[in-house]
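Pasting a structure here, questions to come.
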Amino acid sequence: SVANSGPETSSGGAAANTVRIVLPEEPPTLEPCDASLTATGRVTRANITEALTERDPGTGRLQPALATEWKQDSPTEWTFTLRPGVKFHDGTAFDAKAAAFSIDRTVGSEIDCNVDGYVFGGIELTATAVDDTTLKVKTAKPDPILPLRLSFVEIVPATTSATGKVREPVGTGPYKIAKWDTGRSLRLERHAGYWGKAPEFAAAEYVWRAEGSIRAAMVKSDEADVAIGLAPEDGAGDSAVQYPNNETSYLRIDATKAPLNDIRVRQAINYAIDRDGLVASVFAGLGKPAGQLVPEGVTGHSSAVQAWPHDMAQAKKLVAEAKAAGVPTDTPIKIIGRNGIYPKAAEAMEVVQNSLIEAGLKVEIEMLDVNAWLEYLLRPFPKNLGPTLLQAQHGNQAGDAAFTMGQIYGSKGAQSSYGTSELDSMIAAAEQASGEERQTAFAKALEHQSKDVVRDAVLAHMTGILALSPRVTYKPNAATNDEMRLADMHPAG
Amino acid sequence: MLTFLRRRITSSAIPLVVVILGVFCLARLTGDPANLYLPLSATPEMRAEFAARHGFDQPLYVQFGEYLAQVVRLDFGESLRTAEPAAEAVLRAFPATLQLAGATMILAILGAIAVGSWAAYRPNSAADRIASFTSTTAASMPDFWFAIMGVLVFAVALGWLPTSGTVGALAWVLPVLTLLIRPFGVLVQVVRGAMVSALSAPYIKVARSKGAGELRVVFGHALRNAAPPALTVAGDLTVGLVNGAVVVETIFGWPGIGKLMITSILQRDFAVLQAAVLVTAITIFALNIVIDACYALLDSRVRQGVTT
Amino acid sequence: MTEAQVEAGGSAAAGRPVLEVDELAVDIRTPAGTVRAVREVSFSVRSGETLALLGESGCGKSMTAQAIVGLLDPVAHVAGGEVRLDGTDILGLAPARRRKLAGPGLSIVFQDALTALNPVQTVGAQLAEPFRIHQRLSRRAAKERAVELMERVGIPEPRSRVGAYPHQFSGGMRQRLLIALAVALHPKVLLADEPTTALDVTVQAQIMELLRELRTEQQTALILITHDLAVVAEQADHVAVMYAGSVVETGRVADVFARPRHPYTRGLLDSVPAEVARGATLKSIPGSPPELHAVPSGCAFRARCAMATDVCAESRPVLVESGPGRRSACHHWRELADD
Amino acid sequence: MTEPAMPALAARETAVPLLDVTGVTKTFHVARGASGRNRLRALDGVDLRLGHGETLGLVGESGCGKSTLARVLLMLEGPDQGSVRFEGVDPFALRGKELLRWRRRVQMVFQDPFASLNARLCAEDIIGEPWRTHRDLVPAKERGRRVAELLEMVGLRAGDARRFPQEFSGGQRQRLGIARALALEPDVIVCDEPVSALDLSVQAQVLNLLTDLQARLGVSYVFISHDLSVVRHVADRVSVMYLGKVVETGPTQQVFDHPRHPYTAALMSAAPVLDVTSGVRRERILLKGEVPSPLDPPSGCRFRTRCWRAEDVCAQAVPPLESSGDEPLHAAACHFPLQEV
Amino acid sequence: MPTTQAGLERPADPPAAGPAARRAIWWRLLLRDRFACLAVVILLVVAACAIVGPLLLGDLATRQNLRAVNRPPFSLDDGWAFVLGSDSLGRSLLARLVVASGTTLSVAVPAVVISLVIGSVWGMWAGYHRGWRESVSMRIADVILSFPSLLLAVVVLYVFSPSAVNIVLVLAVARIPIYLRAARAESAELQSRLFVDAARTFGTGSWAIIARHVAPTVLPTLFTVATLDFCFVMLTESSLSFLGIGIQPPDMSWGLMVAQGRQALQSAWWIAVFPGLAIVVTTVSATVLASWARLAMDPGQRWRLTLPRSRRGNKALAKEVRA
């Protein structure tokens, strides 16, 4: 049809080996050290740039990437053996110097790398090239999951600017940037000298549309092959593919303020929320009622923690008890919501509000935009704030509970409004553990949280939808939201 | 005329500075961008350092002074979000918006003149009713309805038009139509009102007494007299399109200034916001100068007011 | 041109009046209902002749004129009668054919000169328009003609003022421009609704001279609406006096002025100020004309008429022959004639 | 006929004039025409005086600045030079209550009966509008009655009060304008062509009304008209204007019967006369040449381009407005005034 | 004597003056125009909903039923409250529409009225006086126009507490220039008219002249713009909700309903379409009324409203008159 004319949406015969992807937003930048930003990582990670290691989203196991093997020399010292013969897109060779430079650029530089804060969070480390293929990394404190952390450090050549961010990086990945027509489209082309197996599509063309229904429509009208970030209502129809997207929605309870400082009230909140109803109606049946922030497949998941049952009678009883004990249960509690955090965010909060009111609490809603909402999410919190429930969502991209617990449950965590010293010490211990021990330690901490601390009301593990045209086969997985590997996409038939 | 232009341009300088100052100060009242640009786990030191690097720790007037000094050197700062020069982002987005707004306004004005005059020709007649009713209904429709329905019908179901994007002439159809409905509806009403008055003026009779055809009467004689209110409103509608075509730009993936401005407000991308507002403000000022010049061209009485 | 020629021209056309108005009636829609502003007005005018339409202010002269050229306000409409130009009833013509006549056939000078010019067009463009419409002249040629017209009506420096706008002209000059517009295409019939009220006497004389030329050279028939009896006396051949929407007396000017055969005409002539000393009370007709939606039965003038009798209340006088070439609508015209 | 009126006139002249205009000049900026000038001097050093209870006729060529002068008198236009004094006071300096009082005392009938009435107001509102500013003049309850009275005074009907201007004929509108000017019972009325669109009978009625008001209340008029017979009837004195200048001024009878400026003579002779019986036309002085453009007036005497008596001196010196010895009130601005025969 | 027209009484003779009589004339003119009548009825219904709706249906509008979501409209299976279907939380769309009208109008009406009043008065003042007052006003308008109103909204959110008053103010301030500029342009033209000069000669003050002569001519255009602004304001209000300063759930407004239902346009069209229709119908009614008022307020055009529906009826009447 006419719709398919023009270079941007070029498809049909000539560009049969181009995969066309429509994203919800344009990556603000392709800076590799910001790859933990969803919009950036989705395009760069494993496509343009690669890290030393990579995590298999299915098994959670760490796989070799630019490093072929690694070992822990001492609690604070690691040695990585690098893959030989790898070349960057610009022809320079990949070696330990480049790797050390990249780690240093990400963690030690002044350029405010998102990965630095997100993954390393103050961890100090030094990387030194021993020879071309050997890299030594030293941490100030023992870090059992350093190789996992390093899976976020995208490797760039040493010629990359160390003082400023780059918009169009050079990497070792299977694709390189062909043309970024800012605002309109981004085209990647196969990198001929790729060290691994050549991907099947010769090129990838990204465009972005903020409106979900338009993204779905583009797949239907054959203007795009893959559309991600869809909501159930977007009408993707037959082309829709669902996948667990690694995110868990929850309400953070500010347990420092009355009446939320009473555990009975917090429990009542959990009992009052009809998670099945919520998932069935607001999330259109997608997603799974959840009881913990750490989903299955992530180190530290506890199968003992289940979603709270919907028990309004119990909720009412607990509120009544608390009230009888002098807890000011009629203090208005404010739900701080964030528009668009997931589809139908406001409706979800209305459901919660409705239930809590029924349980005997007073609840108001305030839906905010991201920046305003962040003021409430992050320390230091706004002053003179009453009791709040904060609508939030957490996704553990890295696959280790360490990326969840400290931040969210630690009493000093950046996103934490409340914690207990007992929980703090459990988390600290778990962070130092490794292997099976690590798993159980985190699981115990989680169980303790959900039984004795109850500082949040977890709602559901969320499900993502993407639309796929019949031209392409692709199996999305938990990591799809954050890294969409073009190599995993294949022409159909 | 030249003196008029010169006077208008110089008299626009102060308001322009006021706009920049206003945007500059107000933007800084909208919360700390550090939350958005630093990782969630950022420490207070990191925040302080971030603020220092971007000069946010200084008193507002110092910041503004420095900014002005930069602007004079045509340096508009760097985007916090994309790390590219703000001017680049704005100058890239602006033509897209201008094209869209221009095409829309041209069609809206031409359409409104035709339909509005037709309606005004016999006030309260069936033609008038139909024209007014359809145009106001269209104008009061939520624009995204129009947009999404248009996409579903013309792109998905019929396959005549692309769903979105900026490539090819056909890609213009839906965005322009969506943008068009409101200005069109408003203008039809305004043109109609002004034409009703103009058509009952005595000089219309004189024109008819010369044997002028009705088209000549309506478009040659009445229209110019009816133009001023329509022109003013059209100007304001254009302004609305220049910085407010957000819905359309968002839905159709049109990388325009409206979307850029919204993003930079929501993302506290001050440099881009300021540059964008500066550019739109200049456009708006220029537009108003053009409109005033049009008044003068249309009506010599105004022109004389200008020269005395 | 000699008198004889004028006579000859006049008699040549004498057989056939170029414009005949027959029982013309005009209704106006008012909030209080439809009222008749012009009732059964009939008159005719021959080429090269001038008919003066006289009458009390508000008696329907302008309405009649506008009805003839088909340019009534939308509130008013022709409710009956015929207007024949060269024998064809133009009221029934299709709009397009009617437009063809507007200008070369019939043209009109409207009464409200000060607002009748389009404020946003140069007077040159407006004067050129008839030529552009009917003769399809080029812009430049039409403008040339516009300049000529301006010159003809005595606008100083026409070439430099052709680009000026109406508001830059004084009232009198605008009036002259309108006259220029009306005579541009040498119409067969020219209706001039108080064309010289805003003009000083020297210009008035100039304009009248222009109209006279038009009459003699182009055999234009002129219908002149005016209150200035002196102008009528000087310019017109025939006169029709209207009162409350009807014609009450017609005839040759000299006859009518010398021996009015309708009390209204007589009252009008008696009101001429010239003869009276300064400050003395002027004579005028007592009372005021009837309201349009309450025109009394019988003679509309009877309430103000000293001669009214019972018959005036009962039957409405129609125009009857009251002398050679003259008619009046009064039950008592004979008594006047005897005076 | 002249003699009995003279002493009264003279007496009025000596008292402080009601209205005293000296050297008023008004320039308009217009779009540059072919002559390359953009300053149009509509008034050029005009002097006028108006006594209590007096009528001053103002006649002159169309476009000579009569309406502009009227607008200056009403403070609608500020003079560029010269002064206007009302009972010795400069109205342009008045503020607040004083100004309002002055406004009440000086009124105008506009030349254009179509544009000077707001089409959105009905007759009643138009005539009653002045009372909304001068509230104490007519009590609210009285206003309806008073409007009816005024309407009837000018020959309209009380029933017309609720009609809108466009429903009136030209003459009827003109009468509305007069009624409105009378509403404030002013001391001075500047009448710009007040009776041009009226038939003789109504014109007589209106003129009678005006003279009657003058006799009863001592109202003064500045009476602008093209109809010389009307001016002759109402005016005590006449000023004749030509291209922004007063060229002749004097008692009506004097000026009409013994014009001294050639332009006045031409004007008088051009007036059509109603001689029903004879149909004979009077001898006319036909002016040669074109009316000069006010943008580019002739040097010296402005009338010289059309004057049959013009000589070289007329092109060089502007003739002052001078009275001749025997008629102190009758002045003309001409180097070669016409002598009485 | 001409027959009086059917349906129109002869005015009392002498005509009854006074506001009562004038009001009666307006009523008659309104009753003659079927569309304007319909518009008035619709607006009255909307107003009635706004006033009593929340009292009658407030509870129903917020009652959720997560097991009966997105019920399609035009079925009485779930009771009359669900004739217009249910939304994604199983609430009665009908009840929500009715209740939302209150909030919607309480934001849109003041916002439009405030901007209209301030903008037009300011504009007429500036245009009437011309000179520096005009220039300064126009530059201020330029400044406001150049200002992204969203920024203003965000600032309000951060600096002041989000409240209905603030929404109204943000919306009103952003729209003022529209009226200001339109009013200025016409007023500047009007102030040179002769009838304004006439009013000046009575010593009428500038404000009185503006009220008496300028406003009646300028306002009809502005009313037209204002009525169409209603829908604009209603829809914009919902985008402010997005920032947290608009109407917040469980309060509801049409704009918010439209915005929330927007996503479901393909799966449950009625959620967005009905509130959207409510906006359209209300706006169109207001526009119809405005264009009626425009004719009714103009004495030169008023007669058109008294025209009988068919032109033939007109001719028949004429014959009757002649007979």
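All chains are identified by letter, namely A, B, C, D and E, in their written order; residue positions are counted from 1 within each chain.
By definition in this document, a contact is a pair of C-beta atoms (placed from the backbone, for glycine too) under 8 Å apart; a residue touches a chain by one contact, two chains touch by 3 or more.
Owing to the predicted nature of the structure, the values given are computational and were not obtained by experimental measurement.
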Margin query: Need the graph distance between chain C and chain D over the touch network, please.
Written below: 1
Item checked: Chains in simultaneous contact with chain A and chain C -> B, E
Next item on the list: With centres defined as the mean of C-alpha atoms, identify the chain lying farthest from chain C.
Entry: A
Check: What is the distance in Å between the mean C-alpha positions of chain B and chain D?
Finding: 53
Check: So how far apart, in whole Å, are chain A and chain D when each is placed at the average of its C-alpha atoms?
Finding: 89
Checklist line | Whole-Å gap between the CA centroids of chain A and chain E | finding: 47
Notebook entry, point to check: With chain centres defined as C-alpha means, what is the inter-centre distance between chain B and chain E in Å?
Noted result: 23
Checklist line | Contacts with two or more other chains, residues of chain E listed in rising order | finding: 11, 154, 157-158, 265-266, 298, 300, 304, 307
Next item on the list: At least two other chains touched by the same residue of chain D: list those residues.
Entry: 30-31, 112, 114-115, 159, 166
Next item on the list: Specify, in ascending order, the residues of chain C that touch 2 or more different other chains.
Entry: 30, 73-74, 112, 115, 165, 168
Notebook entry, point to check: Across the complex, what residues on chain E touch chain B?
Noted result: 33, 35, 130, 135, 138-140, 142-143, 145-148, 150-152, 154-155, 157-159, 177-178, 181-182, 185-186, 188-189, 192, 220-221, 224-225, 228, 230-232, 235, 258, 262, 265-266, 272-273, 276, 279-280, 283-284, 287-288, 291, 294-295, 298, 300-301, 304-305, 307
Next item on the list: Would you tell me which residues of chain A are touching chain B in their complex?
Entry: 1-9, 28-29, 31, 36, 110, 112, 114, 116-118, 121-122, 164-165, 167, 182-184, 207-211, 213-214, 217-218, 220-221, 223, 235, 369-372, 374-375, 377-378, 407, 413-415
Notebook entry, point to check: Which residues of chain C touch chain D in their complex?
Noted result: 28, 30, 54-62, 73, 111-112, 114-115, 154-157, 159-161, 163-165, 168-173, 175-176, 194, 197-205, 208, 227-231, 233-234, 254, 257-258, 267-269, 271-274, 276-279, 281-285, 288, 291
Note to self: Touching residues of chain D toward chain E in the complex: what are they?
What the structure shows: 71, 74-76, 99-100, 102-104, 106-108, 110, 112, 115-122, 124, 129-130, 132-134, 144, 148, 158-159, 161-162, 164, 166, 177, 180, 184
Checklist line | Residue ranges of chain B in contact with chain A within the complex | finding: 30-33, 35-43, 46, 50, 53, 81-84, 89, 92-93, 96, 144, 148, 151-152, 155-156, 159-168, 170-171, 250-253, 255, 266-268
